[in-house]
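Next come two complexes built around chain A: one with chain B, the other with chain C.
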Partner chain A sequence: MTPAEALRSALPDAVEEATDAFVRVKAEKVVEAARVLREKCGAEMLHQISGVDRPPDKMEVVYHFARLKPAAFLCLKVSVPRSNPVVPTLANEWASANWGERETWDLLGIRFSGHPHPYRILLPEDWEGHPLRKDYAYPVEYHGVDCVE
Partner chain B sequence: MTTIQGVRLDEGERAAPTLPRDILTEELVFNMGPQHPSTHGVLRVVLRTDGEVVREAQPLIGNLHRCCEKILESLTYVQGLPYVDRMDYLGALNMEMGLVLSVEKAAAVEVPKRAQYLRVILCEINRVISHLFAAGQFGLDMGAFTPFLYMFREREEGLTLLNEVTGGRLLYHYIRYGGVTRDVSDDWKRKCIAWCDQVAAHMDEYNNLLTYNHIFLNRTVGVAIIDRETALRYGATGPILRAAGVPRDLRKDMPYSCYEDFDFKVPVGPHDKGVVGDSWNRHRQRLLEIEESLKIIRQAITKLPAGDVSNPKVTRGWKAPEGEAYVASEAPRGEISCYFVSDGGKAPYRARMRGPSFYNISLLSETSRGLLIGDLIALMGSIDITLGECDR
Partner chain C sequence: MTEATRPGRPSYMPPPERFDPEVEQTILLTKAEWLVDWSRKSALWPLGFGLACCAIEMISTAMTKFDISRFGAEVFRATPRQADVMIVAGTVTHKMAPRVQRLWDQMADPKWVIAMGACTVGGGPYFKYGYHVVKGVDKVVPVDIYLPGCPPRPEALLEAIMRLQELVEARSKRLNGKDPGYTPPEKGSRQAKKDGLSPVEPWETAKAHKFDDAKKKTEEDEAKAKAAAAAAKKAAAPAAGAEGASGAPAAPKPERPARPPKPPETPEGGA
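Moving on, here comes the complex of A and B:
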C-alpha cells in the first residue's frame, strides 16, 4: 500500500496533499500519521528529520521514514505557521526523533511539543537565533570574540 | 538532580542496572572527553558512575559544529562541494557522494558510466581505508597497539593511491556534479589491483593479531550488545545495523552509481564468535566488509568502460532547477543522505545532510547503562564515530 493510500484511508481528515513523492498531513496529526506508516507501510526506521524555512509565513518539517524490504523512503511533510512553529514530538515512539528534533529546534527554531529533552544540541546553550532561518542575522560578537565576515 | 548543559543526569533512574556487586559507593559525575583519546575526536561524555559501573552516560556533541548546511546555502553549487569533505574526514569521498547523488537526482543530471565506475572504485578504496582505520583504532582502544600499525601500513598505501588520482590525501574534492575531476591511468589501475591483493593477503594477519586474539576476544565478546530493535529505533545504520543482524546495505537494496553491476555479498551478524550485535561482531563486520569492497574494486577496474568522466553541461555557474530529492548512500559509518531542495537559485535552498555518526552515537546513553567504564570504551570504539560528521 502506498503511503498516500494508507493515510487517505486511515486518516482522511489529516491529509492535506498527497503525491507519489510525499504526503502532507496536518501538524497536529503527525504522530498518528507516523504510526499508520509504521503499521501499514512497514516504515521501521525514522531516517531523517529536516526542517525547511519557507518565508514569509511557513515552515516545514520533513520526515523521511525508511522501509527495509523492499527498501524505500517514505516522506511525510508538515507545514506550520512561521509565527508559531510547533509540531508534536515523535521522540516517544522513535528514539531517532529525539536528537533529530533537537537539531531542528536548534538550527531552525521549530518547537516540538512534548519533547522529553527540548534543549539545543549543536550550538551553545546561550546562542541567540536559529542559523538556518532565511532571515538569520549573523552575530557581531560572541563572549567578547568578534564575529566579522 | 545534577544538571550539566541541560543534561538531567537523573533520568537514568527509571532503568537502574543490575550491579555486578552488592556494595554501592558514592556516585561520581565527571567528564570523559572532549580531549580524551578514546573518544575519537571532540566528543564529551558526561558519566555518572558508581565505582566502575556506568549508571548514565550522556554524549554532549557540538564541539566541531560549523553549520555545514548554512555554508552550503550561502555558496554556489560548485563552491559548496569541498565543504562536505570536511564532514567525515575519514570517508570524505563517500560524503561527496551523499550530496552529489541528491543534487543529480533532483536536477536529472546524467553521469557518464565511466565516471560512475570511478566513483565506485574510489569510494570503495576510501571505505577500505576507513574500516582499516576503525579496526586499528578499536584495537588501540582495547590495548593492542601493534595491529594498528600493521593496518596503517596498508592504509598509507591506499592513501597514496587516492592521492595520485585526486591530488589529496584526506580531503579530495574529486566527485563533482555530473562526474569526477580526473581520469585514471593504466599504471594506476595496475597499482590498485596490486594494493587489493596486498590488503587481501594481510587479512589473515589482522585476524590472527587482533580479531581472534584471546585478550581481544575477552574484552569484546558479548560486550555492549546493540540489538536489532535498538539499532532501528535509534536510526543506527551501517556496520552497527548489519552486525545486529539486519541485512540492510543500500549498495544492494537501493543501488546507486552502478552498484547493481557488481557481484558482492552483504555480511550480516552474528559472525563466528560472540553474540549478535556485540562489540566483537561490529569489529568483525568491518573486516568482512573490507573483503567485499576489495571484490568490488577488482570488478570495477576490470569492467571499467571507456568514455568521458564528466558531464560537459555542468559548468562553473551551473544551477539546479527547482525541485527536491532525497537520496541515501552507504558511507563507511552508515547511511549518508541529503534532503536537497532547490528553488532554481545560485545556491541550494536547503541541503540537509544526515550524518550517520549523529544517529549512531545517540544510542550511547541507552546502551551504556550498567556497563563497566572499560566496556564503555569498547562500545564507543566499536561504534566508530567521526565527530566532524556528527556535528557537521
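Moving on, here comes the complex of A and C:
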C-alpha cells in the first residue's frame, strides 16, 4: 500500500495533494497522518524536518520519514498561511522531531503548538527575526559587534 | 674561526664579550632580557580550542607529521590562564564572540592572538550573506598574526608561529626602548584602561579603535554637513530675494567646474 493510498483510506478528508514524491495533508491533521504512516506504511523513523518559505502567503513544513525494511523514504508536506504559521507538534510521537521543530522555529519562525521546549536551538535567545525567511532584515549590530564590514 | 661561526653558538645569540676561551666554553654568558625573550618565544603555549574545520589543521599541526613542538608550541593548554597565544581556528559566530572575548580576557599578559583561516581574518565565505558570522575576529579581540587560507595548511600555521616568535622578540625590544620607531600607546586605550603598566602595541590600538573612529568620523561629518547647510541657507536667502526682485532665476552654483564640451566625433573611415 502506497502512502497516498493509506492516507486516503484512513483520513479521506485530510489529503490535499498526493504525488509519487510526497503527500500534502492539512496542517491540523499532521499528527494523525504521521501516525497512519507509521502504522500502515512502517515509517518508524523521522529523520528530517525542514521548512520552506513561499512568499507572499504560504509556508511549508516538510517531513521526511524512513522505512528501514524494506528501505523506503516517505515525504509528508504541510502548508500553512504565512500570517499565522502554526503546525501541531510531532515531538510527542517522535523524539527526533523535538530538535527539528526547534530548528524550523529558529530559522523560519514556524510555531509548533504543544512542543515541550519551544525555544531557539541554533541562534542566541535574544536574536531578532528568523533568518531564512525571504524578507529577513539583516542585523546591523549585535551586542556591540557590527555585522557589516 | 670567527665568533659567529663557532660551533655550538647559534647565530641568533648576541655576540659574546671576549673572555678566556676556557671560560667561554664552560660558562654561557648572555643578557637577562635576551634570556627572557628567548624563553618566551620558545615556549608559546597555545590555548587549546577549535571552532570549526581550521581546528582539524591545527590538530594536524600538533601531531607528529608537522610537529609544532619543534617550535616549542606543543603544550596546548586547557585553560586560558596558562596559555600565551590564542589560535582562533575556525568560524566565530555572534553567539561565540562573547566567549572568545572572555577567554582572551582570562589569559595572562603577555598574550598574543593568531587569527587562523579566512573566517577569522574577515568573515570568509560568510562575508556577505552570513548573518551569524563575525566579519573578522579582530572585531572582538586584538589580532597579532593574520593567517589566511580555507583552511590554511599546517605549514602555514608553523609559519605563523615563527612570525609570532619574531613579534615576541620585537615586542620586548620595544619595551626596552631599543626600537627607534616605537611610540608609546595613547592613554585611555583599550589595554591601558585595563592595565596601566602594560603598554599597548600600535596595531592593537589600531584594531581596537578602528570602528569607533569610523563612527566618530561619520558623526562629525554629519554635524559639519548640517552646519554647512544651515550657513548656505542663510547666505542664499537674501541673494535669492535680490534675484527674485530682478526677475532672474536662482541657479545653484555648481561645485565643480563644468567639463569642456567633447569635440564632435568623426565617423571612422569617413571623409
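Just so we're on the same page, the second predicted complex is superposed on the first by the 148 of 149 C-alpha atoms of A that agree within 3 Å, B and C clash if a C-alpha of one lies under 4 Å from a C-alpha of the other, contacts with A are read in each partner's own complex, and residues count from 1 in each chain.
Here is the rule we use: a contact is a pair of C-beta atoms (placed from the backbone, for glycine too) under 8 Å apart; a residue touches a chain by one contact, two chains touch by 3 or more.
It should be emphasised that the depicted structure is a prediction, and the values quoted were computed from it without experimental measurement.
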Exercise. State whether chain B and chain C clash or fit side by side on chain A once the two structures are superposed.
Key: fit
Quiz item: A:44 contacts which: chain B (first), chain C (second), both, neither?
Solution: first
Exercise. Considering only touches as defined above, state whether A:142 meets chain B (first), chain C (second), both or neither.
Key: second
Quiz item: Regarding the shared-chain residue A:131, is it in contact with chain B (first), chain C (second), both, or neither?
Solution: both
Quiz prompt | More chain A residues in contact - chain B or chain C | solution = B
Quiz item: Which partner does A:64 contact after superposing on A: first (chain B), second (chain C), both, neither?
Solution: first
Exercise. May I ask you to decide whether A:2 touches chain B, chain C, both, or neither, giving the answer as first, second, both or neither?
Key: neither
Quiz item: Once the shared chain is lined up, is A:123 touching chain B (first), chain C (second), both, or neither of them?
Solution: both
Exercise. Pick one for A:98: touches chain B only (first), chain C only (second), both, or neither.
Key: first
Self-check item: Nearest-approach distance, in Å, of chain C Cα atoms to those of chain B in the combined model
Solution: 5
Practice problem: Please write out, lowest number first, the residues of chain A touched by both chain B and chain C across the two complexes. | Solution: 123-124, 131
Exercise. Going by the contact rule at the top, pick out the chain B residues touching chain A in the complex.
Key: 5-6, 8, 61-62, 65, 67, 69-70, 73, 230, 232-235, 246, 248, 250, 253-254, 324, 326, 328, 335, 337, 339, 341, 349-350, 352, 354, 358-359, 362-363, 366, 391-392
Quiz item: Touching chain C in the complex: which residues of chain A?
Solution: 123-124, 131, 136, 138-139, 142-143, 145-149
Quiz item: Which residues, counting only chain C, touch chain A once they are in their complex?
Solution: 94-95, 97-98, 122-123, 127, 131-132, 134-136, 139-140, 211
Quiz item: In their shared complex, at which residues does chain A touch chain B?
Solution: 21, 44-48, 50-53, 62, 64, 66, 68-73, 75, 94-96, 98-100, 103, 107, 117, 119-125, 131-132
